[in-house]
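Order of writing sets the labels: A, B and C. Residues in every chain begin at 1.
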Amino acid sequence: MYLFVTPSVILSISFFVIPFLHNLIISFCNWNIITNNGKFLGLENYIRIFTDKIFLSSILTTTQYTIFVVPFLLFFGLLFALIVNDSNLRGNSLFQMIYFIPWVIPWLTAGLIWRFLYNDLYGPLNYLLIHFRFIEKPILFLSTKMTAMASVILVCIWKTAGYNMVILLAGLKSIPEQVYEAAAIDGASGWKRFISITIPLIRSSIALMVIMAVVGSYLAFDHFWIVTRGAPSHETETILTWLYQTSFFRFRLGEGAAMSVVLLAITGIFAVIQVRAFNLLKLK
Amino acid sequence: MEFIAKNRLIRRTKRTLLYLLNTLMGILMLFPFYWTIINALKPRENIITNPPIFYPKGFTTEHFARIFSIPSKLGEIHYLPMMKNSLFIGTAGTMGVCIVAALTGYALSVKEFPGRKAVFYLVLSAMLIPFQALLVPLFSEMNLLGLVDNHLSLILIYITFFQPLGMFIMKNSFDTIPKAMYESARIEGCGDYQIFQRIALPNVKMGLGTVAVFTSAAVWNEFLMALIFMTSQSKFTLPVGLAFSHQPPFDINWGLISAVSVLTFLPTIMLFIGLRKYFISGVTAGAISAE
Amino acid sequence: MKSRVGTLLMVILVFISASATLWANGNSENETAEEPIVLKVWNRNGTLMGGAVEAFNAKMEAEGRDLRAEFTLVPYEEQSSKFLSSLAAKTAPDVYAIDLILAPYFSEMGAWMDITTEVNNLGFQDDLNPGMFRIGEWNGKQYCLPWANDNSSLIYNKTIFTEMGLEPPTTWEETLQVAKIITEQSDKYGITFSGANSGMTMFTWLPFAWMNGAQLITDNGKDTTIDSEAGVGALQFWAELAQYAPEGAPVYDYGDYYNGFVTGQVAMIFGGSWHVMSISNDAPELDFGIIPFPVPEKGNDTSAFMGGDIMGITAQTAHPKEAMEFVAFCLSEETQIEILAKNGSVPVRLSVAVDNPYFDKDPRYKVFAAGGQFGRAPKALNYNDITTVMGTIMPKALSGEVSPEDALKEAAPQIRDLLQ
């Protein structure tokens, strides 16, 4: 039986654990990539990153982003799942596909498309909004931290709502019809049914979706990299975009490695907390 | 009588509203695709205009022709080999994840062996850190293994980092198989692997379908690793080609970018539509339910 | 039984595909005894370096020699990450032509081969663009040589100017007036920026600081005078100019800024030599002209940012002599004219930089080429860090959120720290 899990374990150790340990070592050194060694610096890299204003603000930005985006993802995922689950609705499998499709394209493509759409001079979005008299002047979607974050959140919702819908849908499908029928007989209204029956029965799907969304948001890279590139003034840097720039544009590999250790610590703690919290809410 | 009629009216109104809502959201979801496709079919001058042109005015297939043509000059991007590479890596990576995830998911679902939790969390933890952060160590390691500029390096990394979700889904799929089925097979004298192959696998087709679609999209779309790890142009994949076509300060040809973008999402969408039987409505009852 | 066979087949299949992959991939690396020497050359521009490689191979073929070059395209933004990774894995190319601002870091790291003696033997050292040549030098040794030159200058839409009855500006005051008139009296904008792209911003703004007397990095490389009155004045000019730019300009990326001009909605941009070709391709009907950057006051000297690529031979190379031969070929007058000038890039050989048949045909290039004579290129180990600092304060200054003086006063100490 061990043989079954051997491939997974070998892969995980070789390509995840070992490189991470390597990174850990680098984070304590002043690493020269050519000679492949470096001076031991102790905690200096860590001190440097924690006094780096942009790194600290990236942690804040990433946290804010996660806090904002996850509820929206849950809301839309649930909304789509509920709509699509209604088998009386004609074409619901078609809609299921339509909602999911944005997830399928590369982030690079999505980012480029949306960047184009958001432009104030020649972007279709502003053009349509003005044309239909919703607004008078073009909206600068990307000019301040708040609007830029909102814009990225919109792209994220567009892209991943379908994916979350699929996860929640699986949970919905596992509720037998009889449960609803019994509730209907008991006289429960639609809304009440939803709150007391549906939600508790799919809480494990919700849990999975939320955990993945939180971790995924914390690791946000492509969304921000393509759509805002950290603008304005590095205010929309996420931990990972700043990490990438620190390692490869500012050539500070030691600091980049230290950031990756901090990042893993954060996501690890979050994951553990979330799993514990959701375990508490379950009976199993 | 009146009451029933009113009820029906309410229901019909609700239904209509729902259709409207669905249609509206559907349009919003699809608009960016539509926009890219028409841009891929417009000549350059009609793409960046004010006001924007919402239909493929001046219909041309020159951008697609460019992609499928063989470049005359050295150094120009040749897209066809990139597509081949993407296809190859996508298939291999997806198959790899499916196999590994099924094996591991099954083991974790069925057997209570020491270290079970450890394995579970070990594999799962690869989801917690993105491989961009491990770029340099991974690259050195691949070099040690002699795999630089070799597609195998990408495939191995993709499997490692995409298997956690796959394993999770597969484990939950296997969890829904009643233990009784295993019991009866065991009584008949089947070995572990036979049970896996004959009893467990056929029942988790939906789970596998899900894993296949999720993984193939992720692998097909991955760009950074493919760029860094492949050093010769002949090994580049399609997203890498896309990256080239949009970076300053050179010729930003939106028509070409749009056309390449279409190529990046068309195959996955087709795969998705092809596999939808395994995927839509009934992403199995137990495919996703936590432990 | 059936299942056993099935399993066996699967295992064999996996094994075969893995080995096939290895074999297919590895095959290109295998060398038989009599294979030619192949130089690996990387660059971000396929037309230019790819063209040079092609020409080189043709020449080698004609001479019956067993030496070839192989070109790999590197995306602009991944120039350093790809190079760094390859250095770590000892799979670096033989020759790498990199954006010049990135070179000093690699010099300091020991990535390049010391070619001081070889350069002396070239014989045309004095004919090479001195500003770029300087960047390739580190700690007294020469590591990189210039390859292709890109300078910054002012590009303007002739049609808009004629319609509004305006003359292209020559001083800062004139620029402000022209921009004001265009923005306020028509539906077009006078100017636009790419505030989010700090590289472009530096490329286009620094010359204004230079011509006013300020320096981002002083000649000794240890200090900055960017927060002096001259520097503040230059930023003040841009902040005032920004009033006439689209509101989103401080956060525009390269695409937004470029597209604004190419769609004919913006009358002027501060651009680079590569724009001539890309604008001609994207908007063939757009009639545009090139003029040097306007000066603070009549009679002052103008300036330009001298950018482009410089090429070095990596220390890891197994073929130093052949690599040097390739480099020399790239720097020959013929290559510089037929590959660079023909494709709209400014040659680094001063003798042909301005006067060559292609630039004679389209004199707009000459303005850019002239920048190679009086332009400057900043040289610093931490250039990207410095750009990050400037990239943080400049959008704020352009949007009016912070005064130019405060912005530079905030940036200067950080820059000084970085230069120590």
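The working rule: a residue touches a chain if its C-beta (ideal position, glycine included) is under 8 Å from a C-beta of that chain, and two chains touch if they have at least 3 such contacts.
Everything quoted here is computed from the prediction, not taken from an experiment.
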{"item": "Arrangement of touching chains [line / ring / star / complete / other]", "value": "complete"}
{"item": "Interface with more contacting C-beta pairs, comparing A-B to A-C", "value": "A-B"}
{"item": "Maximum centroid distance from subunit B, chain identifier (CA atoms)", "value": "C"}
{"item": "Whole-Å gap separating subunit A and subunit C, where each centre is the average of the chain's CA atoms", "value": "34"}
{"item": "Whole-Å gap between the CA centroids of subunit A and subunit B", "value": "16"}
{"item": "In subunit C, residues with contacts to at least two other chains", "value": "78, 81, 84, 88, 197, 255, 259, 263, 265"}
{"item": "Multi-chain contact sites of subunit A, meaning residues that touch two or more partners", "value": "33, 36, 116, 121-122, 247, 253"}
{"item": "Shared-contact residues (touching 2 or more other chains) in subunit B", "value": "48-50, 99, 135-136, 140, 243, 246"}
{"item": "Subunit C - residues contacting subunit B, complex", "value": "3, 6-7, 14, 17-18, 21-22, 24-26, 28-29, 44-47, 49-51, 53-54, 70-73, 75-78, 81-82, 84-86, 88-91, 93, 150, 197, 200, 254-255, 258-259, 262-263, 265, 272, 274, 277-278, 281-285"}
{"item": "Subunit C to subunit A touching residues, read off their complex", "value": "78, 80-81, 84, 87-88, 105, 109-111, 195-197, 246-248, 250-251, 253, 255-256, 259-260, 263, 265, 315, 382, 384-385, 388, 391-393, 395-396, 399"}
{"item": "Of all residues in subunit A, those that touch subunit C in their complex", "value": "32-36, 54, 115-116, 119-122, 138, 140, 142-143, 148, 228-234, 245, 247-251, 253"}
{"item": "Interfacial residue positions of subunit B with respect to subunit C in the complex", "value": "44-45, 48-50, 73-77, 92, 99, 135-136, 139-140, 142-143, 148-152, 155, 193-194, 197-198, 227-229, 231-235, 240, 243-244, 246-253"}
{"item": "Of subunit A, residues touching subunit B in the complex", "value": "1-2, 4-5, 7-9, 11-20, 22-23, 26, 33, 36, 80, 83, 86-93, 95-110, 112-114, 116-117, 121-124, 127, 158, 162-163, 166-167, 169-171, 173-174, 204-205, 207-208, 212, 215, 219, 221, 240, 243-244, 247, 253, 256-257, 259-260, 263-264, 267-268, 271, 278, 282, 284"}
